[in-house]
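Before we start, here is the structure in question, set down as structure tokens.
Chain lettering (A, B, C, D and E) follows the sequence in which the chains are written, and residue indices restart at 1 in each chain.
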Amino acid sequence: MLSEYEWQALMLSLKISSVAVLWSLPPGILLAWLLARGRFPGKALLDSLIHLPLVLPPVVIGYLLLIGMGRQGLIGGWLYESFGLSFSFSWRGAALASAVVAFPLLVRAIRLSLEAVDRRLEDAAHTLGAGRLRVFATITLPLTLPGILAGTVLAFARCLGEFGATITFVSNIPGETRTLPLAMFSFIETPGAETEAARLCVIAIVVALAALLFSEWLARLTRRRLEGTC
Amino acid sequence: AESLSIYAAASLTNALNAVIAAFGETHPTRVIANYASSSTLARQIAQGAPADLYISANLQWMDYLTETGVLADDSRRTLLGNRLVLVTGTNSALVPVELDQDWNLAGALGDSRLALGDPDHVPAGRYAKEALQWLGLWPVAEPRLARANNVRGALALVERGEAPLGIVYGSDAASARVRVLAEFPARSHSPIDYPIAIVRSADRPAARELLAFLSTPQATDIFRRYGFEVR
Amino acid sequence: MLSICIGKRQGDLDLQLDIQLPLQGISAIFGRSGAGKTSLINMLSGLVRPDRGRIALGDEVLFDSRRNIHLRPEQRRIGYVFQDARLFPHYSVEGNLRYGSRKPDPQQFADVIELLGIGPLLQRAPATLSGGERQRVAIGRALLSQPRLLLMDEPLASLDLPRKRELMPYLERLAAEIRLPILYVSHSLDEVLRLADHLVLLDKGRAPLQGPLEEVWGSAQMRPWFAAEEVSSVLNARALSQEPKWQMTQLSLGEGLPLWVRSIEVPAGQQVRLRIRANDISIVRTRAQHSSIRNVLPACIEALQPDASGHQMAVQLRIGSHRLWAHITLWAASELGLSVGDQVFAQIKGISLNQTDWAAHGGRP
Amino acid sequence: MLSICIGKRQGDLDLQLDIQLPLQGISAIFGRSGAGKTSLINMLSGLVRPDRGRIALGDEVLFDSRRNIHLRPEQRRIGYVFQDARLFPHYSVEGNLRYGSRKPDPQQFADVIELLGIGPLLQRAPATLSGGERQRVAIGRALLSQPRLLLMDEPLASLDLPRKRELMPYLERLAAEIRLPILYVSHSLDEVLRLADHLVLLDKGRAPLQGPLEEVWGSAQMRPWFAAEEVSSVLNARALSQEPKWQMTQLSLGEGLPLWVRSIEVPAGQQVRLRIRANDISIVRTRAQHSSIRNVLPACIEALQPDASGHQMAVQLRIGSHRLWAHITLWAASELGLSVGDQVFAQIKGISLNQTDWAAHGGRP
Amino acid sequence: MLSEYEWQALMLSLKISSVAVLWSLPPGILLAWLLARGRFPGKALLDSLIHLPLVLPPVVIGYLLLIGMGRQGLIGGWLYESFGLSFSFSWRGAALASAVVAFPLLVRAIRLSLEAVDRRLEDAAHTLGAGRLRVFATITLPLTLPGILAGTVLAFARCLGEFGATITFVSNIPGETRTLPLAMFSFIETPGAETEAARLCVIAIVVALAALLFSEWLARLTRRRLEGTC
């Protein structure tokens, strides 16, 4: 059904998006928590910084990543020399680009849910002897689940569609960084390849739909548990 | 087997893929093509991308790399050329025209616009601007441009009938949804050249071998078939 | 000793308290809505930080503004049953119950769920519980966290009468047996009387009255809290003997002053707390013959106070060394020609000295 | 007439009710936690849709599963005071109060805030109110929405005693004066007795008992709800005359059976409801001399029931056409040698027939 | 301080983003409400449809817009013929492209907040005689404010950064559709114009920061009101 070319792009897209989202989750939750609960100087600045990837066109983000995280970049160079970790022109770079672009969406959704958590429940947990960490893990986090789910699916979808930052940062290398949108781009750039482009478009839509339905199902499940109807 | 990475302007996708397939039939070397806009690729190569060869649709970005010193200077040459054509959508009633200063561009456009690559940075747009200037039509055209971010963008506008006219490369006009109304005279703009070069750090026999293959009759035939001119 | 000396501004309320509470038995915090009861126990639990002052539980300082000490709630081992149940919606009832169990004790668990009647609810989600069910689970949850002090913010307000009755003896037993001191916020005099050994009256952020229940009960500041029919005297009696045939117990209010109450299981010599409602005492000049009233004791009139309503007379009686209030109509007082110093008989309707009106001091001083 | 005939499965609870309630006065819905009280009034308010059946308020059908009628809550004009206050957090107290005012009535507004003592809170945010303050605002909000039927789900549970006392007469007045019928959910017998004219007992989703309070009160199904000391008889008496000097009122239980109670302002001839606790009646063979007890009435023993605890005897007395229960000790019963048919005297301690124990029927039948 | 060129792009960006967000709000709130509360067949499909602009690369969206909303497009043609409304090559088209791309972010944030609204408060309002519309306007909507704010600022930021769909749909016309990102792109594509690109980048960041701080301030205000500390 799928050509090898499409299959490769699809698998790559899934891998890159999943890795990007999974790695984003812990810092995303942490930052959302800091923004929702913390009171510290520079909070507004941090908030803005997190939103930056939204405001800047992805191409610019890709360019900044190329300069900063490339093997000759400031941070990228240091990472490479210290840990041998390189993002350049590899799928890891594509995941990094996707993660950066999708990060604000993740953080916002989680933060919104965190702010809706009833803090009196956390108080109750404290009086039952639970320390901050346990309260966070057993009360705050589970009650934030709807937001985490929403954020995850938003970010995953955004990662699936990420194009500009990826191609600018890690280029369009078959089997390494050529995700669905990049493959789509190649076809769009080719006269007469509309059908192929449309096929890829449909694949992307189907994948996103599946992810969405799955997340909706999970969300319903958690809601049901809260309402005790199951 | 050895593997080569060729970074090429996106407009070459079809043609170069066919040439690489031909190369693969007679050579053990694996060739991976990476298509993006010339500028993107140039910047990445400047940042140390693992490229072996670079084909630009744009002299400026090749010059930029030459100045940066990452290219094997002696390997640079002009590989391909292209023509500039005036196209319209297949549904359009416009008829082929003679391009000279009497051509009623404004009338042909009606209340719409002329689609081309952004003359500020897209090479095809820059050539189009030269040609329009040469024809003396630039003052009429300039306020009515639809500047796309690449040739394909311009072509899409014409294909969808959004813009009645567009100026694109001959190689792009192969699309089934546009008709060529006229070809700009070669002397109306600077030559449309696609320079190629080997990246200095990747200068090895296999790269030279591929570079040579791109100029063999087998390869040039394919390029021509996709609407390119061979220099 | 739980010593609290704190100040806190909270909206319109300026809380300034200096309270000493014993670390045994049940101490009631009593006061009207908005008096600052919840605010006070929030500060004890560590959820709210006082502006200044000091809180110490035994030797341990929980809060000291001068030494900048403020233990976090989870470091205090103080249980808290909230005015609203605050069950965790994402845990089952059982999950809620087990949440705070430091070292789970299956026996205690079984005891608590049986007592609270929440066995059938264990697998339910909190959202499906009724108001009373929710509160019972919340009480169980706090008990199972094995605290060294338990705060309860009107825990019985949403329970029905049979459940209240069922729960109260358990709370007493808790206080007596496991020596779990309880701070009990309530605005129900019945609950206070039934449960508390110690009472703190809170009024507009101050504590004008505090002390052992028997002492505080009769004081003038408590008066506004009683409706006429609830005025009562609290006194300590000593158990004398049992009368198995009639299921009665004889107490003594002093030499030659026996008092019969429904049989209670206390060893002879044991101190027992009694409450006698002023309305349950009638006064006669001569001992009645053939009356169903068992307890007729010689008394001396110490004071006569007509009340504001103009139809009732509060008569203070001395029986042995005890003082009791009796309410009779002015009409009767006039007919009987009562005056201070008169010797009369107080008829105490024996059966009305029943379970709610006594509390065994279970080994406590 | 509010007629309710509905079925509804709700979790473990299978609610099947067929209830007729008068559209005047206060009807109490009484039952233990989880009996389905809240579920029932949720269906009346329209918030929950019954599985089947019919609900009609006077002539208007609110719900009919057969005709597929289900009026939305806002179409029913039924006020609802929730078990939890449910104030709108984004409105001030005043905003909450005014939310439901269809045609604002400044006089009513002033009356309500004065009565509930919420004047000083008007500009406050709900989050800063104490539990009792919150509930008072919620009551005010529902009253001000000018409903034609008011549902109250344990509205007093979080109020302190003085506030409760303050509020109760207002609720009675409401029911009597503006003819606003009230459905009052409670598990407090005191509240029910004080407020209700009509009683529905709910038990595990059924209503085994319903009717006018006086009728229902003495029935066997109510027994488990009373602790021994609360067993009481409710009876109707007729006002006879006032005794201004002693601030007493004479009632009549029948020919030659006067009963003195503290003065109540009712015209002669008016029906008055009395509650007499079984513990407040003592029995004597001969009329006592010089006693403070005013009410001593000839009675005939109709039945003698020793109770399970083995120390107490329930004596059913007939006084005129009325039946009353009296509790005495078995010991006393044996000493007095009581047997069925004996003529004795019932001593009723007059003063304990006080305000909580009667309710004037204010013109209602 | 700003060149005329920069000033023009900035103003255009602000206008287009504002218009896009303001027009998106009513349908965004409606759809969020439908998704949070409604039970109807095709809900999952609608949900997916709304998320599509996230999954597809903006250039593809621009292309699809061209097909659907262009003057000869299915809907666009009809709009033009019936109302003389044309999106082609005008700032309206840019606003439409931005709105489409930012729409999922808006809807998600609002929906998340809507789902956190305590429905028992709505019940209470109903019993006070308020019909569905009044309850929605006076209870649901105000309590959803944090989500609406968050969604608005997310969407606004996304609109400020929108590039691919805009340039594909309405091309890059100075003074009409050349927003900040499009202007930025021209410079990035020109060798040696990094300074100019960086200037525009800074302008975009400053604008986004201002919008963000404003929204945070608003959010704090509403939170304070709820907690009654002001």
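Methods note: a residue touches a chain if its C-beta (ideal position, glycine included) is under 8 Å from a C-beta of that chain, and two chains touch if they have at least 3 such contacts.
Quick caveat: nothing in here was measured; it's all calculated off a predicted structure.
For chain D, the chain with the farthest CA centroid is B.
Sorting all chain pairs by how many C-beta pairs they have in contact places C-D at the top. Separating the centre of chain A from that of chain B, both taken as means of CA atoms, is a distance of 35 Å.
Averaged C-alpha coordinates put the centre of chain C at 26 Å from the centre of chain D. Chain B and chain D, compared by their mean Cα positions, are separated by 91 Å. With each centre defined as the average position of its C-alpha atoms, the distance from chain C to chain E rounds to 61 Å. In chain E, the residues touching two or more other chains are 63, 185, 188. In chain C, the positions touching at least two other chains are 84, 124, 128. Interfaces, counted as pairs of touching chains, are A-B, A-C, A-E, B-E, C-D, D-E. On chain E, the positions that touch chain D within their shared complex are 120-121, 123-132, 135, 138-139, 142-143, 222, 225-228. Looking at the complex, you find that chain B touches chain A at residues 5, 7, 10-11, 13-14, 32-36, 40-41, 43-44, 47-50, 150, 152, 155, 171-176.
The residues of chain C lying in touch with chain D in their complex are 11-12, 31-34, 38, 83-84, 120, 124, 128, 130-133, 136, 154, 157-163, 165, 187-189, 224-225, 227-229, 243, 245-248, 260, 262-263, 279-280, 282-286, 288-294, 309-312, 326-334, 336, 347, 349-352, 354-356. Put simply, chain E touches chain A in their complex at residues 44, 47-48, 51-52, 54-60, 63, 104-105, 108-109, 111-113, 115-116, 146-147, 150, 153-154, 157-158, 160-164, 181, 184-185, 188, 197, 201, 204-205, 207-209, 212-213, 216, 223. By the touch criterion stated above, chain C contacts chain A in their complex at residues 45-47, 72-74, 76-80, 82, 84, 86, 88-90, 99-100, 102, 124-128, 141-142, 145.
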